[in-house]
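Below, subunit A partners subunit B and then partners subunit C, in two separate complexes.
Moving on to the complex of A and B:
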């Protein structure tokens, strides 16, 4: 059993009437962890408590066994934080800024310089690191924010919406960087994001909180498991395919250009193949359906067993 | 498709019908900076995603359509009229700007009501309430916007933009800051409005979401229109890029050998993922997969292609 890196028990935080967190119990193990939740679900509040910036109303939180209220200095030495908002000074270069942040973390001057060079190279900032940050693109600024979070060699990295404002290629690069940071440095990364697609892409574990409670906590693979449903997409003739399969006694249901079939045995694959071949239909895709993270946020009625529910209806 | 920005945009046909939005050789420059460069296209009812890297000119384009900016050259038409300094056209335009320019001291309902009155609606109260409901902001409508989360502010802006039920809705990164549930709801809302015959143009960086809302796209690259139309059709025009299809089967090697005999196939590779096929004739290949594997006596369990998605099409258009 791996040690819980981040732990909370009965953690509550109230702002007047608003209950941002309500008796939250968590135990986070090493990995790349996606933190999702509705707006106002308490994600930012949780991050701020873990950083020791907010005091809980009740309950407790700890990082690597250190209490978030009493041992904030210890926590800050092992935690790197990349805030969501624009927080960089515009009139200094990245090297100067990150070195400064390293010095604040207590690194000696020489070590601070060396670490800065190292992390800036890791995040992919080269010639431009001496230029003033004010002139940087959004993607470059995000890299500086990540670099300053890494410079003191933390064991836990908290990233608040790291791809915010990035364009598709910038996003792709940042996601790749997060993945490499987690695996190469072997540190735990918590990524707060609204984009389930990117969480699916980089994270190994999902924490979903809703209205201050834990909604779900499980490995990503748990949510994206294959379901016993085969989706067959054809360019045309989905209705004819359904009819042909029904004639063979196969339960199938049309969903736009797709035909959903319950996989009851391996022979089913051959029946689908033969029906498509007989009708000479253009086969676009044939894949076992997978669960999606999104189903967590659909209506409760739709979340239960997405695959099975889909084909149990009577064949049309 | 390598040639697009140099020799003109590859335009997949946009369905006939009255064009709600039309641009003819439009350019806009700021001093020496060319933000939009010789762009022409037309849009009818439906949802269109406006894509492009940061700095490609998307916001400038939306601002010209909203009437904030006059084009430096060319002609911008919204419902047949130039929107610049024409309040008559504003009655038919709703804009959700990217910047969070909302008055923090107003409540959500007040903000939307002001928009309704600005548009000269007779029943401003009713329209405002209605718009608030459409974006699902009832619970927070009496709180000052200053206390809103980002996703709530975003929805207040959307409510303000559609309070007068405009024909044309322009949205600059509307999903920004919204949580998963709000994103799904907003995508559904855009879909409904499109079905009701509205013309909707929205910019976004999240391609998987654009793909969910619709297939019509406009792609800007460095101020130019790199492509427009249905992205599947745009993909089909990229004849220099073979289509890649991966098939998993009971016997990949046997299937590979069988497929290689077909002239529609010009390369087959065995990978850990299965049998990866390259073809220039996608339609023909799709029709032969099932028959060929049956003849070869191979059971196919999975067929998919990685390079038909909007993400790939976008990557091909932007990275050249």
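Moving on to the complex of A and C:
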């Protein structure tokens, strides 16, 4: 059993009347961890508490066994942080800026220069790195932000909305970069995002928070390997099919012209075929679907807090 | 390229990297297991970076213009005297005509302080506003550097830069004074004790101006607003006591000259006279205050403004 990298217990953070986090209990193991939730769900607040930028109202949080309030300095040596907002001065080059940040992180002069060259190459900045950052595209700026978070070779990388403002191809590249950073370098990455589709692509573990509460926490395989779903598309009479299946004790739900059926046993396929035949419905297709996170999420949020603005769709 | 690097390339460089972003140069990611230094190194690094950016190094040419021109202008009268030192010394030995009045260490700042103040107005906002405006602060505060250390390193770098500005004319005056004398070695011995108080005096001026200008500047992320606020503060703090004093003279209030102690530049000026053991020039200073009292006031203002700066950085949003 691997040691929990990030732990929180009863963690709460209130800003006046606003409860950004409310009694959050987490135990995160190494990997690429997706932290999903709508805007304002408390993702950034959680990251800032882990970094010691904010003090929790109650409860405690720890990173690699170090307390976020008492051992802030220890945590900061092994954590890299990429903020959600712009954080780059426009009038210096990427090389100079990242080298400076490396020194502030405690790297000696020569090591800072070498590491800077290495991480800038890793994030894919080449000739441009001597130009002033003010002239960079959003995608290049995001790469510099990632580079400054990586330059001191942290054990944990906290990325707050790393794909913000990127176009689809830039987003794919950034996600690929995150995936490589997490898998090839053995750095634990926490990716906060409101786009579930992204999390699905790169993460090994999923934490979903909403309004400061934990909605779910499980390995991503847990979501994708859950009870498979059979989608039955009929030209008409979907409602009658749902009723017929329900009469036989099968869980089914209408989704437009489709009927989604939980595949709980092999006998189900026959049961569905027979029901369609009995009702003489015009069947278009039957297709097994991979359980998509979004479907699950919609269910979870619907039961947890109806009305809450929930995760928007995938980037495509 | 060292043999070790070549070897690493040979063993780890994948020519056709598996990922689409890979290239022939991709050596793979290497972990860093060298030394990691602590807080004092981080402070030193920020100090060096700040000092460089005060002078515009690592920035475009336009960033270098203001600091270098202002430093040159401030030193110009002293350099002028240095350039004509041989002519002046001839005049003095001939004794013909009126004796020229030479620039002195203790009154130099008093005459040309506005150029040093312009230097502060131009460069102090640069140091503290940029990081707030472009929200770089979270990157510092999530590293080894704390908020107070950040503020202190910035303050020290501006003070060091100002000290340099203030010392250039003093050094020019020193060299000029020596060249005017026939016996150089004897002149060094004679002049050095007179010049040495320039170190503590200029040190105090540098600290005082740095503390005031950084503190006032740190309250706005906008350079222009910070500069305006700084000019407004210093003008008001110099003018209001003088005005109250003028009123007090006609109304026979005796305490009004104590207000001079809050004047930021005058108190530093008065303190300079104390370091050189000179009486306050009557044309420049009115009222009954002594140079010693100005020196104490200047020290208190350094402590006070530094404290305000640290408080500001405890709360500045990151």
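Rule of thumb we're sticking to: the second predicted complex is superposed on the first by the 234 of 316 C-alpha atoms of A that agree within 3 Å, B and C clash if a C-alpha of one lies under 4 Å from a C-alpha of the other, contacts with A are read in each partner's own complex, and residues count from 1 in each chain.
Keep in mind that, in the parts below, a contact is a pair of C-beta atoms (placed from the backbone, for glycine too) under 8 Å apart; a residue touches a chain by one contact, two chains touch by 3 or more.
Bear in mind the structure is a predicted one, so any value in this text is a computation, not a measurement.
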In the overlaid three-chain picture, which partner chain does A:69 touch, first (subunit B) or second (subunit C), both, or neither?
neither
Looking at the overlay, does A:217 come into contact with subunit B only (first), subunit C only (second), both, or neither?
neither
Based on the superposed arrangement, let me know which partner A:243 touches: subunit B (first), subunit C (second), both, or neither?
neither
Answer with first, second, both or neither: which of subunit B and subunit C does A:266 touch in the superposed model?
first
Between subunit B (first) and subunit C (second), which, if any, makes contact with A:167: first, second, both or neither?
first
Which superposed partner A:137 touches (first subunit B, second subunit C, both, neither):
first
Partner chain(s) touched by A:4 [first = subunit B, second = subunit C, both, neither]
neither
May I ask you to decide whether A:40 touches subunit B, subunit C, both, or neither, giving the answer as first, second, both or neither?
first
Interface with subunit B, subunit A side, in the complex: residues 36-41, 137-139, 164-171, 194-197, 235, 266, 269-270, 273-274, 276-277, 280-288, 293-294, 296-298
Going by the contact rule set out above, which residues of subunit B touch subunit A in the complex?
51-55, 149-152, 176-184, 205-208, 283, 286-287, 289-291, 293-294, 299-305, 311, 314-315, 318-319
Residue positions on subunit C within touch of subunit A in the complex are 19-21, 25-26, 28-32, 34-39, 41-42, 45-46, 49, 58-60, 63, 130-131, 134-136, 138-145, 318
Going by the contact rule set out above, which residues of subunit A touch subunit C in the complex?
51-53, 73, 76-77, 79, 81, 83, 85-92, 96, 100-101, 103-108, 111, 115, 118, 121-122, 124, 132, 148, 152-153, 173, 176-177, 180-181, 184-185
